[in-house]
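What follows is a set of structures to go through.
Here come two complexes built around chain A, the first alongside chain B, the second alongside chain C.
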Partner chain A sequence: MDLKHQSRSRTIFKKGLLFVFFWGILLLIILFFLLLIYSLVSYSNYETVVNVLRDPEFHFALKFTLGTSLLATALATIVALPCGYLLSRYRFPGRAFFDTLFDIPIILPPLVSGIALLIFFGPFLGEQLARLGIKAVFSPLGVVIAQWFIAAPFAVKTFKHTFSSLDRRMEKVARTLGFTPTMVFYRVTMPLARNGIIGGIIMAWARALGEFGATAMLAGITRMKTETLSVAVFLNMSIGDMKFAIATALVMLLIALTLLVILKVFLSDEVRV
Partner chain B sequence: MKNPYLLVKNLTVQAGKFKLQDISFSMQPSDYLVILGATGSGKTILLETLVGLRAPVKGQMFLGEREITNLPPERRSFGFAYQDSLLYPYLNVKDNILFGARAKKKDREQAVLERLERISNKMGIAHLLDRYPHSLSGGEKQRVSLARSILLNPPILLLDEPLSALDPRMRQSMQELLRELHLSEQIGIIHVTHDFNEALQLGTKVLVMDQGRVVQQGKPMQIFNKPETLAVAHFLLVENIQEGKIVKADGLSYFRQKGNSLTLGPVSQATRDANTDQKAYLLARSGNIRLALSDGEHNREPNSWLARVEYKNLYHTHVDVFCKGCGYWQVALSIADWQRMGLRQGAQVQLSLKKEDLHVI
Partner chain C sequence: MYRFLRLWRTPGFWVALFILSLVAFAGCAAQGGGGDYQAEDGQPLFIYVGANLKEPVSELIQSYEAETGVKIEQTYQNAGALLNQIATMKKGDLYIPGGMDFALKAREQGHGEKIMGPIAYHTPVIVTPLENPAKITSILDLAGPGVELVIPDLEATAIGVMASRVFDNTGLKEEIEANIVATLESPAKVLGVLTMGQGNAGIVEYSNTARYREELKIIEIDPRLNEIDEIPIVSLVYTTNQALAENFMEYMVENGPSVFEGHGFKTPVKE
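Take a look at the complex of A and B:
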């Protein structure tokens, strides 16, 4: 009896130690993250932030980032919806290969993606595209292309996962109720996938908003021309304007946090339609 | 005889590595057809094929005079419900029920709305119409799903294990509802299940499936008492399966096992009399074996044998008595009979089977 009691208390003790260790790690990480944000905020002050918010360069960077990233996200969504759907629903030759192709931009450092894009839109196809009036290198269009290239695979992956996780019997029931396959897609599949699709769009947008490496390679770092918020932070840091860089970083942090909250809401299982 | 309402002829369906083979059956609107089979026997695939969600490799299906083999599900308009209700979470109960009507642009028709009201009253879900599926109980969801599938008067209603996700109390009330629907709406129902009790309680006709084939079909009691194969007997939990052989002598055929010989009847009537002197199995339901106290004398009834009581299992409805003598036998007794006889372990009893209950395969 005594032995049993002893061994049980030892197990509890061990479990207790393990949990103390887990909790310790979690708290340390939370503390580190909070301190990181605090250090960024404390390095600036209200006045500087307000001044930067009034700065024409900041205005340009903000509008340009929102414009390019929204356009890139829209294009990514248009491409990712059919790709995600087909990869999730159909078995066809080369499916695994195509699926892996979409992983490449995710695992590749954005700088490398940028070099590939630069060569493709430059020496490789640049002349032919220029004849069609498409100039991607060192232009705002290049920013959209770079953001799209980085963001689209995330959307494809999320959409694919979303479509795969739907109960296909819901669609089958709709067929028996009189819906054609096309009607089923609009009336059943899309409404059921709604939260996952919104989540994927937000994820893609977040990627596009913060994109730097590929953008810098393809579109260049030109003030007031291809200057996204990330580029603005880099440009101003490199010339020693810490105030501008930090204020811009704070705005980016705010946007990121807002997107994160929206993402959590849409991807949360507890949130019901 | 009336022409069958639904006629399925030699249906073969390939589903991955699984194959439904040569399925044939027919039914009338007055039939409540129960398709019975273990998990993996192909019941759901058959149902999905009937409803048009899977294309057969071979075979034909007719609804009345019309061939429906190649019609897509939306043009067959069968009612169909899976075991979990599968309601659309983004629609309220009313819109879920009207979903099929919406596909056919009938969701504003007065007749449809009146039927919605009638059905929801009958099913006891009228007070739920504005609610969303996540706030309903399992039984309520199942009723809504059923209402959705019968709103537009389908020619046949197909149900995939409609009772298995429900607790016993809900199951009972759902079963009553299904019986009532079948009778009052005059709708032919095909009900897939692995539970033979559902077949006994609801079915007018039963089809037993095993490994993608129909192994037996007939009336529920006929299948219950006279399974045609060992596999069906095992699946239907026939309590007594005795091995022996069929022997012919003096114009009669007998089922003979060690120490026992039961008269099956004149040779011409005997079951499978061609298989004489070959291995055969006697299948007997525990409720069909009669048990009487015996003093050990040999003035026995025909088709009877002596045994001793080994042990018993007491249930609230009956007593299962296990006896040893010419094999092991399980006999079901009413509690009253059990008490009247005062059977104890080791008691000598006489077991017998009526000629019509002798089923040998």
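Take a look at the complex of A and C:
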């Protein structure tokens, strides 16, 4: 009896220690991230931020980035839904290989992805696509394609994990109650997968928003034409105007964080992303 | 039988992996950071070098290291980004940007002290595909119809800034700039995309073309219209070893031109 009691209290002590450790790590990381943002802020000032907000080039970059990244995210979602679903639900030959293919854009430095895209849309298929009216190289379309390519795997991976983690019994019950497979997908699987799907979409968007390497390679960094916020930061940094670059980055960060927090708060009742 | 395959499930495996990666990292870091040769005060020289100058400068550094036993650490970036690093870190001994403007800017901002050089020149040239589809023979032709100009950014790169001045000199700035289909981060990228058949004309630095003489056509710009920049070497106010830094500057001025010439740069004529 006494021995049992002792060992139980030791377990609780161990558990307690583990959670003190967990909390410690979380708080340290939060502190680190906040200090990082503070370091950025400390190298900027109010006037420069106001100047950035009034700058027409910044206005262009902001609208352009939001437009292209949202479009890229929408396209990534459309592609990732079937890919994630099939990879999660079906066993077919070469599945592990196809699954690994989606890792390529995550593993490769974006610059290399950009070169691959440039070769594909340039010397490889450029002429044929141009005849169809598709011009990706050095065009805003190229920005969307590069962002899509870099962001889509994040959506595919998240969606796949989400579909894999669902309780299949629900779908089976729905089938026994007379739902067709299509109805099961729309009325059971999708609502159950909602959390993960929104998480994947957010992840893809966040990745598209900050994309630079592949975009710069495929679409160039032409001012007021293919200039995303990341490009604007890069250009100002290269001129040696660090204050302006940081101010641009801060505004970009603020907008992204605001959007993400709003989304998370609005969805927090049902969704944890 | 296959129990060892499940090793990864044990915490011990992960602890061992973590320790192993720490050891590997520490090993690499020690190899990279701690040099055998150090300057008198125990610190190696630290130099900020324009990315476009990487090959000749690293060759010169190697020969200087071999001759003197002084260890020199280098970082490569575009000149503007380097200036940001210098301003943030307030460290380092020397700065070798691709243009005099950046040297003067460094001094103006209170980071640079002594400027020596030129070690070599930055000279804009026109490049086109071998078949030259837009039929370009001079800088003025860049204003013509059908030209698809690919160029390093006109503000963010040294060669772009010079190209912009050349356009001013021609009096056809608007027409030429209307033909720009894309700006890129570096002259190297301009050459890369041109060889992939994108765009039909570009402007790069003369030395960049050394490797592309077989693949692209190089058209020199009329010297009366061209802008040529000097590549200097600047000592930083943050140097902790003034004498050694100046010794390296003198070495660069003396030996730099011939090495730069070997890498395709135009250099001051030696007498």
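Simple rule for what comes next: the second predicted complex is superposed on the first by the 221 of 273 C-alpha atoms of A that agree within 3 Å, B and C clash if a C-alpha of one lies under 4 Å from a C-alpha of the other, contacts with A are read in each partner's own complex, and residues count from 1 in each chain.
Definition applied: contacts are C-beta pairs under 8 Å (C-beta built on N, C-alpha and C of every residue); 3 or more make two chains touch, one makes a residue touch a chain.
Note that this is a predicted model, so its numbers are computed, not measured.
Enquirer: Please indicate which partner A:118 is in contact with in the superposed arrangement: first for chain B, second for chain C, both, or neither.
Expert: Only chain C is touched by A:118; chain B is not.
Enquirer: Once the structures are superposed on A, label A:226 by its partner contacts, choosing first (chain B), second (chain C), both or neither.
Expert: In the superposed model, A:226 contacts chain C only, not chain B.
Enquirer: Applying the touch criterion given at the start, work out whether A:60 contacts chain B, chain C, both or neither, answering first, second, both or neither.
Expert: A:60 sits against neither chain B nor chain C.
Enquirer: Looking at A:240, would you say it contacts chain B, chain C, both, or neither? Reply first, second, both or neither.
Expert: Second partner only.
Enquirer: In the overlaid three-chain picture, which partner chain does A:185 touch, first (chain B) or second (chain C), both, or neither?
Expert: So A:185 meets neither chain B nor chain C here.
Enquirer: Residues of chain A touched: more by chain B or chain C?
Expert: Comparing touch counts on chain A for chain B and chain C gives C.
Enquirer: Would you mind writing out the residues of chain A in touch with chain B in their complex?
Expert: 167, 169-170, 172-180, 183, 187-188, 191-192, 194, 272-273
Enquirer: Given the complex with chain A, which residues does chain C contribute to the contact?
Expert: Of all residues in chain C, those touching chain A are 78-81, 83-84, 87-88, 102, 105, 150, 153, 155-157, 180-185, 189, 193, 196-199.
Enquirer: Can you list the residues on chain A that touch chain C in the complex?
Expert: Chain A reaches chain C through residues 43, 118-119, 122-123, 126, 137-138, 216-217, 219-223, 225-226, 234-235, 237-242, 245.
Enquirer: Name, in rising order, each residue of chain B that touches chain A in their complex.
Expert: Listed in rising order, the residues of chain B that touch chain A are 48, 51-53, 72-74, 76-82, 86, 88-90, 99-100, 103-104, 132, 134, 148-149, 152.
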